Amino acid sequence: MTDTLNKENKLLEVLKEEFKLLSGKVKRSRRVEVVIENEQIIPILLFAKERLNYIHFSHMSCVDWIEEGKFEVIYILWSPEEKINLLIKTKVAREGEDLPNIDFIWRQANTYEREIREMYGLPFDGLVGREEFILEDWDEIPPMRRDFITNEYVSETYFEREGREDAKDVREQILGRTDEKLPDFAKKYSRD
Amino acid sequence: MREKSTTLYIGPQHPGITGNMMVKLQVEGDTVVKAETHVGYLHRGFEKLMERRNWLQSFTIVCRICVPEPDPNEENYARAVEEIEGREVPERAKYIRVMTLELARIASYLLWYGGQAGSAGLYTMPQWSVGDRNYILDLFEDLTGGRIYHMYIWPGGVRRDLPKGFKDKALKTMDYLEKRIDEYDKLLFENSIFQKRAKGVGIIDKNKAIEWGVVGAPLRGCGIKSDVRIDDPYEVYDKLDFEVPAMEGGDVWTRALIRRFEIRQSINIVRQTLEKMPGGEFYNKIPNPMKWKIPAGDAYVKTESARGEFAYYVVSDGTNKPRRVHVKGPAYVHGVTLLENLLVGENISDVSFIMNSLGTCPPEIER
Amino acid sequence: MAYDNNSQKIVDYIQNFARKHSLFVLAYGTGCGAIEIPPTMTSRYDAERFGIRGAATPRQADVLLITGYLATKTLKRVIRTYEQMQDPKYVIAFGSCTINGGMYWDSYNTINMLDKYIPVDVYINGCMPRPEAVISGFVKLQDEIQAGRADGWKKYQDNLEEYRANQKKIIKNWTMPDFNW
Amino acid sequence: MSFFNLKGILSPVTALKQFGKKPHTVGFPEVSIEASDRYRGLHFNDLDACIGCGNCSTICMNNAIDMIQLDGIEGEKGDSGLRPRVDNGRCCWCALCVEVCPTGSLNLTKEYNFVSTDASDFLWTPGLSNKDKKDKISFVSDKETSLTEYTRVPMRELDGMERIKSFAEAVLGYNEEEARREASRCISCSLCTESCPDHMHIPEYINAIASGNDADALRIIYDNNPLPEMCGKVCTRRCEDVCAISVRGEAVAIRWLKRYATETAKNADIIKEIVNPEIREANGLNVSVIGAGPSGLTVAYYLALRGYNVTIYEAKAKAGGMTYYGIPKYRLPEESLEKQVGYIQSIGVKINFNTRVGKDISFNEIYEKSDAVFMGVGYEKPWTLGITGEDLEGSLQAVTYLDAINSGKEINIGDKVAVIGGGNVAIDAARVARRKGADVTIVYRRRIEDMPADWEEIEGAEDEGVHIMQQGIPLEIVGKNGKVTGLKIAHAEMIPDPNGGRPRPKQIEGSEEILEMTAVIGAIGQEGDYSFLPEEIMKQLKIERGRFVVNEGGQTNLSKIFAGGDSVNKTADAISAIADGFRAVKAIDKFLNK
Amino acid sequence: MEDIGYKIFGAFLTTVLAFVVGMFYGGFRRKIIARIQNRVGPPVYQNFLDVMKLLSKKTAVHHGIMQQLAPLWLITMSIVTLMFIPVLKDGLFFTNLNFSGDIIFLLYMMVFGSLGMALGAGQTGNPNSAIGVTRGLIQMVGFEIPWIMALVALMVQYKTTSVTGLLDIQSQSGTWMMFSSPFAFIAALLAMPGMFRYSPFDIVGAPAELASGPVSEFGGKYLSLMMTSGSIFAFVKLTLIVDLFLGGASNLIELVIKTFILYMYPVLWGAISPRFRTEQAVKYFWGWPLFFGVIALAFATF
């Protein structure tokens, strides 16, 4: 397989030479992943677009790693010539930090950034555009953050049709019949 | 004509809108001077919901992201999960998947025929093509048990094998459709009024198209041969014989021609898959779904849907639930930045027309 | 209203007969169930033979189809649309989502019970309902109209306060004009 | 654009010929298309086949399925008595509930028309509300397509011929990967827990194993079973009989999983470190336990945890009772038991070995100095066959034989041995004799499928070359010079029981034959030996059919005396003994802390 | 006195006839298009039900007096126009009020209704209505020019400004005007679909573009009046063309056959055509129809 990953490895080398990558790997054919500090986002995107001809901005995504207190933002580029998807990942603190706006490089990035700003509350420096993109009159914490618990919000906001209160849990039903107690530490392994 | 600028809302309740969205237009006379896409009317928070559902439960929800053509979603999701987990898919399943995808493409194009002609006021076309689309849906029903939401392609393969007599029925339907598409051609593509309407409208600049994020038929309609099926082959597309068209023009008419060509190609691919389909297993069984964990990792997978490149970015943190599933439909770019830019300078008669030719599908913008 | 008068009965019968056989459906695809509306309306299932046809604007429409889940943003528009429609008007709710939230029961952006916000005359079950089921739903609505039971619009007038309270609970920025009859 | 596009005007006109065609519109409602054979319509549940495992309810991400009590459906072992009710206001017809239904009772039908003006109609019970729709079933899940894994991960064993060479443990146990895989088959329905006499927290510990947390599994297991490794190896596992998966496939290997979890702790110290039990402050109450069998050890362990001062009096040199002396070492190695007993001792239980009550110490002495006495004395005394020739040399009882072998003594049985009986003890004796080099035949009155022994044991015995003679009735042990030389048997035929019970063997006239044997081992049961009890206690204690009469807490009619194990229950297996012990613990605790 | 009685009764009968025929034509149109579209279609009396239902609806829209008057205006104009068209060549009831110069009057009246509608729609404040009205006026300018040219050609050629006059000429000569002045007929025929506003000239109501254009804000009783007026007006237009070019009709059956055949022409064209854009429609009308109009005029003059 190593022979067939030539162009992918070459791309990785070029990027390694040019930038201080935190890490980088060839995920599989046509997928190369690099991780980079967020100060270098604009340089690497410009480099990829202007010099390496990664002119198609495929995707931009955000993952909430709440345990680390970080958002991971992923920029995915595509080269129509090399036919490689380049995934550029960077991490940014959940609170207090922001990312540079890149919609001057690709105008459609504006849409992604607006969505991430709205759904994660991650600000982009210099982003222009309507604040409300998908939601309307939203005054909770941004919904895609993992600390937003959607079912709790739902149970206090919306109605639930009555008539289902008589539902029984199989485990409890059987426990009740056997007159046995489940220790607390075991409960997390019961099915929910 | 009045030169005063009027604000015109196309949608959300509007017969001309594709789905449930809104385009806010600034109009001078009949000409659009500014367009703004407003979405969020269909936002269900799929990606949030998937955080709460395990890997298999999420499989039933992804197809709901795009109604006209749910299968690319299922296929993408399944393939992403398989890629992270390293699960093998039997060859037969791959063929069945390709067949399903192509049937879905045909169904979607038939719906597009209706939408494109309907937005131009030719109401006979939707009656025909959407009516004939039911025959594809019948095939889906036989195959998957559902007309619209198939929930058929799942991680590890497909859910059920082909039913008895499916091949004959499918081939017969394909023959019928091919005949019908000739009739559609006469009604729609040879129609001088349609040609007048479609030519020179909604032109995408070829030089900027890739950079603007245009994908799928609109990009091929700019003369750029780009198709995930050949650029980043998945399933068994590399073993099938089909052509990807590319035509210069960039207007609604070229896009329509591309689709007209592709629907025939799809019929051809369906026939090929039915012929070449190997025997054997159709499903590499997953473990008990409630306890099925996927090792940590991420995958970016793409499918060529009828509207263009459909991509999934899936992240697993090693638990039985996805960390993040990010869906990018072609309409995400087509429906917002591209549409907003394309509409400027067009006649308001063509707003819905252009929207249909781009395949704007709001549920995949807001998910 | 008192229906002791025979002539009133006849008038009602004729009215209901006409209402029953002429249902203008507002072209508003509020949710994913809208994908089965084109097949229902087109040649294979041809809803027009039951007198069902599309209407472009709420003023002309009799039937509002809530095709599945309603995002809160759409709910606002749906209420506005519903109030713009002329009495008598009917609401047909599609799919599980309108009954008890369906598969989006835990989504922060979709309502769960449609009948808390606008009155519903007929529910069609399914996710999504097949065209046959949709037609059955219409037929059921026709029966209800003939029997004079499809009176959701009256319920809305009578219980406006309650509906309003529920609606305002979801729609934080209430900028709509008040309902005038 | 041409100046005058004639084709463009005329081509569409061809569309008008459609006017003459018959419309393809589907009639309504007279002619409606039948939904496809796989259509996912409304649910149908076969209420009789359903066991109420609730797996459908668990998989449903829409919370559409509730388990509810229905009139006329009572719970029993292997059936929770609950049945699914579907909220069609939630259902999305994904049919995952069908795919995971272990019994295949839940299906979808071709019915899809469900229209109502009342939203509350959509809460309905499949199978009850649509009783007549059974023939409309369309979307089903057979064993191939079901997401339930019906085949268990095979247990690696020594080869049969290899096994008989030594007393090495025959079953090798799961490795980690196998255990995770097997544990992940479990659907956590918890039907098994009711069937387990001890009501162990089976789904919880299996889930812990499946999620890779063996330590938690061990803690959960130790919550109500102090001898889990023993159970993991030799339990009669009624749990597996009622496993939801066993309806259509092989039950989850609950026993092997327990064994896996317990074997992760290599010695008593590690067990203590993992389980890390909370030992309450000593409360100054003394409890004496007679017999260090499973029930006795259970009582001792849990009472010790609760701060009691517990002393066990054991007549033999090793703890474990029947599990030590009655079970051959290839099934339950000595080290395993010692590890578990060592752990029990390590938390403060005192065991006086080689102290036979009634001989080395009087019952009254114990009775006087204790606040409560627990008797887990078991069934020591074997039943004899009751046929002539039993006094011959070479005619012995299985329990005696096993006891001797397990105590390290040798008994000469020659090279042709007949074992009479069909229970586990018989198989054990046969397999031990096989390991001692004898050619063994098991003689059983009924057919193999009627044998009460575990099928795995029977298979194992067959693998090892034990012959099983079914429908053979022993008539007489034939001997010469005071030694056994043969066994006279008669063949039998099975006649159905007119009362509906299991078929009974009936001797075929004239089918008698004499099998040449050097030894005959009887294994038809045991009884208790209560000679250690003083007479006045014997008089007062209620004993029926050789068993102590106790209340649900194991308390006899003498309030200070509790009893459990084989001498109380009828099931006569280790797990029941542990269950008795566990119940007695609670009762003693309550009794002494009024 | 008797004469007046006949006239009034005749006017009433004509209105009823126009209404019934127009409605049934609408029903047939829906049915025929449905069959072309491979489906069954609604019953032919569907339009009656629609109107009845709309009448039974409550109306709670108030945008202003003009909006409420517009439908009335529309139906009044339709009936007034109808009154001046001889439905049958001769006979007791259906000859109606005609006078010399009534063609010019008719040309005027036919535009008048739309203007009232335009005012009413303009008042609703709905931008779709406003744009629809604009489009309607532009389109009207489009088709009126060839149409007027065709009529002027007739008037010039036969030196009469009365429909009755033209009818008389046709029955005297025994040839229909469509043969005797073919260019005028072609011009009128090409312009006619514009009057019916079926595809490809449904740019006023164009659902996919303007919701339903001017009628966006009209529902219930207003809409029923509009539908009624539309039906009557369709009958008016058909009868007028039959009178002008197809030699009129001497009995009702002949009338129905002629008008129905004529009616099929815009209907069928509509079934297979997408919609023009506004400027394309105008371009169309000012192309071949205008060309034939000019020829007809030249033909008539010289």
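By written order: A, B, C, D and E. Residues from 1 in each chain.
Note that in this section a contact is a pair of C-beta atoms (placed from the backbone, for glycine too) under 8 Å apart; a residue touches a chain by one contact, two chains touch by 3 or more.
Note that the structure is predicted; figures quoted are calculated from it, not measured.
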item: Chains touching both subunit B and subunit E, listed by label; value: C, D
item: Contact-richer chain pair [B-C vs A-C]; value: B-C
item: Centre-most chain, if every chain is reduced to its averaged C-alpha atoms; value: B
item: Centroid comparison with subunit A (C-alpha atoms), farthest chain; value: E
item: Farthest chain (mean CA position) relative to subunit D; value: E
item: Between subunit C and subunit E, centroid-to-centroid distance (C-alpha), Å; value: 35
item: Separation of subunit A from subunit D, taking each centre as the mean of its C-alpha atoms, in whole Å; value: 47
item: Computed distance of Cα centres, subunit D from subunit B, in Å; value: 53
item: Inter-chain centre distance, subunit D versus subunit E - centres from mean C-alpha coordinates, in Å; value: 88
item: Contacts with two or more other chains, residues of subunit C listed in rising order; value: 27, 42-46, 49, 54, 56, 58, 73, 99-101, 103, 105-109, 113, 127, 130
item: Subunit D, residues touching no fewer than two other chains; value: 12, 15, 18, 23-25, 33, 35, 58, 61, 87, 89, 92-93, 119, 188, 207, 211
item: Residues of subunit A engaged with two or more neighbouring chains; value: 135-136, 143, 148, 150-151, 161, 191
item: Chain pairs that touch, as defined at the top of this document; value: A-B, A-C, A-D, B-C, B-D, B-E, C-D, C-E, D-E
item: Partner subunit C, residues of subunit B touching it in the complex; value: 12-15, 19-20, 40-45, 48-49, 52, 60-61, 64, 67-68, 111, 114, 126-128, 130-131, 133-134, 137, 147-149, 363
item: Partner subunit D, residues of subunit B touching it in the complex; value: 52-54, 56-57, 60-61, 124, 128, 131, 138, 141-146, 149, 151, 159-160, 163, 183, 186-188, 190-193, 195-196, 199, 283, 285-293
item: Subunit A - residues contacting subunit B, complex; value: 27-28, 30-31, 55-59, 61-64, 74, 76, 80, 83, 85, 87, 106-108, 110-112, 130, 132-136, 143-144, 146, 148, 150-151, 191
item: In the complex with subunit C, residue positions of subunit E that touch it; value: 30, 34, 37-43, 46, 49-50, 52-61, 128, 205, 207, 211-212, 215-220, 223
item: Complex contacts: residues of subunit D adjacent to subunit E; value: 12-13, 15-16, 18-19, 21, 23-25
